[in-house]
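To start, the structure itself, in structure tokens.
Labels for the chains are A, B, C, D, E and F, by order of writing; each one numbers its residues from 1.
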């Protein structure tokens, strides 16, 4: 009896243990799959930033360049998809080429790659708006390969690849420096290499060249705001525990507080400076708030997140006219928003987030300067080789017709009817 | 031996139990994180309703007000992000100010806050379209603070904060009354305070003032439809069990059936009434279907969901001309869609969803009337103090130029070239 | 003592087992809910394809048909929501009508239905762009009922409903054949029945009829790209295990590689053929890459995914002018992108994905031919009964005014002012 | 016959149309033009840069009239288009040798009387 | 020389262009105008409110011709632009004192012959 | 008085405006027109089909001047609008019988002098 009972107990224990073991496996599988699904959904949110940037840039540029802007924003994403897969990811994370057999601990290597790839695409796409309206399409394509295949991955490896900045304790949670400052300062290098649009500056005079469609810019900024929840939230990179959940809840709130604050301070600053609450400054202010909090969205909490974003919004309103005075023609504000505020956001982790301030400053410039130089150098080489800029006639005609042979907008217009007086022209 | 065996069993049991304990913790962590991630993703879907509303409103208004509409829709979201965080959430849920240390049971307090915040922003943004084209931007900003910081939270506390309507058994699953009727009737109060656009009514004659861009309105309604899955699905507020999963599956299907039915009945009703299948009525019909099912998306099932949405679609088609006959100028249909159909949706839970009909009717009006009054009073006070309406010249010029100093659309036009005959004007 | 101890052990074991049992239930609940939430989020991503298609089509058509295109794309989704619920799902999966009491194994029957419904809506909506600009709205509505209620479900049942093609080992993971070839060839049937737009072909001459807004088309293609992650990823239909996570990671990467490759090859092919990198070809190329990988996104890995997408991109660039030479007027490229490339994608699973090539070819045509015939026959019957095509005057005037009585775009124009010289006209 | 061309403010157009109708003028052709004259420019701003939009939207009204309608037409326009502020516009009167109604081939005065459909 | 101005239906423009070309007229200038005359308005609706759009899109063709081209030009336009329904439009003939070709400074008849590039 | 109408290239407009201003001409009216003449068409393409856009965007400048301004105005336009390539445009000079300033009722020469506001 006793024996039986003990055996019974034993078997029972064995059985329950066996069950527990299967359960433990299932549990591990669930953790793994929750991590994966979450990471992929966050990545998809980040993909919304691609149409976000395309729309923002298209809206703030002239209507004769709308196709060109979409082409650049589509192609840099397509190129990132291939180049970062073939080589970039391997440079950044010391992984095999073509993510061939690469695996990560708590989710598939493919999911890890996909999430990181959309970050590379973001860094690349930041440049496209700043040089819009004058750059040869072919030159931009080559640059896209270089930045997503080499520049961004190499710089990124210093921190996210476990390199020297990681060793020094540099903090950049979701990439104020690694993604945004790199993109923004590469854009500055590019603008220095290509120069302003024709007619933008005459002597000391700055000529406004207003964007053609504020509705497009407005949709764009909403998509960017939404995408940023993926950008910052997903950077937690682990989701299947209570601690991670707490972290991500925090990240969402801090991200949104900073964006809201950036919108409000940019609005107010433009209202004071220019006497009217300015639209394009306000939407730049949202992005500034978002860029500012990106590095410290995990550790800059509540009121400090508001302050971080608020300062970002103000920086932008003051930087845009400053750049114009320096004749740096950045039609969409990519340099202030991503570059300058990217620096601020990185440093803010030292000010409000408990990181070492010196290291943060070092890290910020360790990204900004090489990005600036490499942007400038790559585009200067392109200038000397295949040429960087369309002809003045093409620029005035618009890149849609000059580069792509098609107009972006065509309203039904009887005057355009193709029946022809001049038979030779047919 | 026996002892050893028993000890072995014991140790084994202990070990397996220890393992089970860790597993139980992990399991709890997984539940918590699945709840969190789901809630946040549903919240992000709701954020898509912000560009959705902005686009719908922009499309149905004149092109000279497009910047102003985006500015209002951006700023009310930014303001909700700060005001509902600072004070609103605390009023609604008797939580600490600044969600300082607030925590919820099955997900982080921050995630709870974020989800509720996007609801507050929705209630606020409903008003913006109805008063579009004539209100001072500054007045709207102040109202946004008041509705997201005080009006919506206070009214919401009656039910979702556990107040008297909750005690009475009032049912409003995702906010037909609390969000939509509040927004819609606040909009009615606002419209009564500000009056119609210039030229909208002359004597008994109603002058159509067609919207400028139906493509924008079309994108907007799709984003709203998508966002509503977050709005209704996320309101389940618990996701990590089979019962919750079953509930959410149901909610998705009921939500979609009602939206589809609202689209179809509005289409058919407009076809019969106006001889043509009308676009803006059809998209209003979708929203009516969605508003109608919001209160009862958990309990109004299948065919009853279709019926609930179908009635919503018909209500809208008949309400729009009725409001015009009353000279209530609501360019986007916010009052019929969110206000009137919000009442219907709340009552429908009593008709088709098993709730107490009397309580539902009481609750519906308990939200509508205070919302109407507070909208009317707040805007009347603004009228007497800072002024509510732009000057007639500014209204005719358009709010983009008058309030923001910039035009929303600028096509390349040689006639606009800035070289100047009149030197004084430079 | 010993007994006590044993009893103690026993109780302990019992307790820990009891706990484990609850845990096992919880675990099962978690699996179930993770499956459900994931499936629903993937489904919501697929819903983004609806505005995606609407925008793509609207952009590539004339501005005088923009309302009509949105109306069709809204209504086919609404109709799918009702017709696939009432009857279609039951035909496809031998389930009860109205999904009444239907349940699935690892997630709610409602969630299963919702995911499959958005696929049905996709198949339907593919047709709308191809016949745009000339079809009666009423005829399109009737066709939407027939395709989502009968044609797509019946054809789909052959494979996804476990029918004869499933029995033969035919592989079509996410629907290159079942959704895209069916949609694309039904579109071909429709175009053959309705004929080209007025003025599209004169003798041997092909007259370009350029789309009116490339920005809309550009947003559309981004939304489609994003939605496709839901389309392909969600088709895994199980998410709560490590194996599923690995599969989905792979699907995401393969999907994106094919889309990127399709974009790049279409870009290059158009550059070579037409001397300029063509926008509408490039965006068609993205979709071609996506359609091509859809059938094999689970088994066509890495470089083979690139190749599959790349071939898709090239097929499109060559098919578009070919169809024009055959006077098949498909303004948006639905037939090449979804039809022809749908065939290629299905066959590619036999070429690169290890499926039986013969069966794949058989399956591809087993979908294409009945879809073509049923499209042709349904529209021919409509032609003979209620009429298929608007009058030439209505076509030239534009469907927005002719069918819906409203213009899609109205810029503030003083010349339109309604005060009237001719009193009779009032 | 004369061809009377008036450049007016867009906002005055409804009043001008009414005045012309009252004066018995039924056939008119309108177009959008851009006017430059003594009227000051409008200041707009974009991203912190101010600029003056110096052109003004105007509407051009072209009316072919027989001699007896010249004075009433001019009077009607002047009275309805005047606001008294700089920028009200101009009226130009030019000789018109022939008018042909395309629909009927009628010429001159017969061609000028609209026929309600 | 005369300046011939025709107001026609946009839909007839291709035919008119062809007819002018056949008649030997090569240089023309077009603009979009809005016509008001005897033609009835078009009823549109928006959110349940009907309204009449009473203007009609028309195209204005301006052609400077030497005397011998006046008749052929008018004939070409009348024949190609006529549909017979109210709203076909008008042709106005005005005196033209001088024509200068900006590119060359040529005047009058020489200025009127286009040179194919 | 004359009505001078010039059809020019849009790109030359800033120069023409400056030249006119220098010549003392202050009041002008501009409109967008579509020109067809000797200038070759522009080839565009869409989805693999090439087509020729044969019209050219031009700007029409209308200037009412008193006699002594006719020559300076024509000279200013010719010099500033000329590029030497086909498509530079034409200048038409027509008689102008009366000019009325709507704001004041002033006629003819007085009506032609803009008053800075």
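Annotations for the structure displayed:
The definition used in the following text is that a contact is a pair of C-beta atoms (placed from the backbone, for glycine too) under 8 Å apart; a residue touches a chain by one contact, two chains touch by 3 or more.
This is a predicted model, so every value here is computed, not measured.
When the partners of chain E are compared with those of chain F, the chains appearing in both lists are A, B, C, D.
Between A-B and C-D, more C-beta contact pairs are found at A-B. Separating the centre of chain B from that of chain D, both taken as means of CA atoms, is a distance of 48 Å.
With centres taken as mean Cα positions, chain C sits 29 Å from chain A. Chain geometry summary: the mean Cα position of chain B and that of chain F are 53 Å apart. Among the residues of chain F, those touching two or more other chains are numbered 11, 17, 26, 28, 30-32, 34, 36, 38, 40, 44-46, 51, 55, 94-95, 116. Under the contact definition stated at the top, the residues of chain B that touch 2 or more other chains are 6, 9, 13, 16, 20, 23, 27, 30, 34, 41, 207, 210-211, 213, 219, 274, 276, 278, 280, 405-407, 409, 415, 418, 420-422, 424. In terms of which chains touch, the assembly is arranged so that all chains touch all other chains. By the touch criterion given at the top, residues 206-211, 270, 273-274, 276, 278, 280-281, 317, 320-321, 324, 333 of chain B touch chain E in their complex. Against chain C, in their complex, chain E makes its touches with residues 11, 34, 36, 38, 40-46, 51-55.
Listing the residues of chain A that touch chain B in their complex gives 6, 9-10, 13, 16-17, 20, 23-24, 27, 30-31, 34, 38, 41, 45, 62-64, 207, 210-215, 218-219, 221-223, 225-226, 229, 233, 239-246, 248-250, 252-253, 256-257, 259-261, 263-264, 267, 274-280, 282-283, 286, 302-303, 306, 398, 409. Interface residues of chain E, counted against chain A in their complex, comprise 10-11, 13-15, 17-18, 20-21, 26, 28, 30-32, 57, 59, 116.
The part of chain B that touches chain F in the complex is made up of residues 413-415, 417, 419-424.
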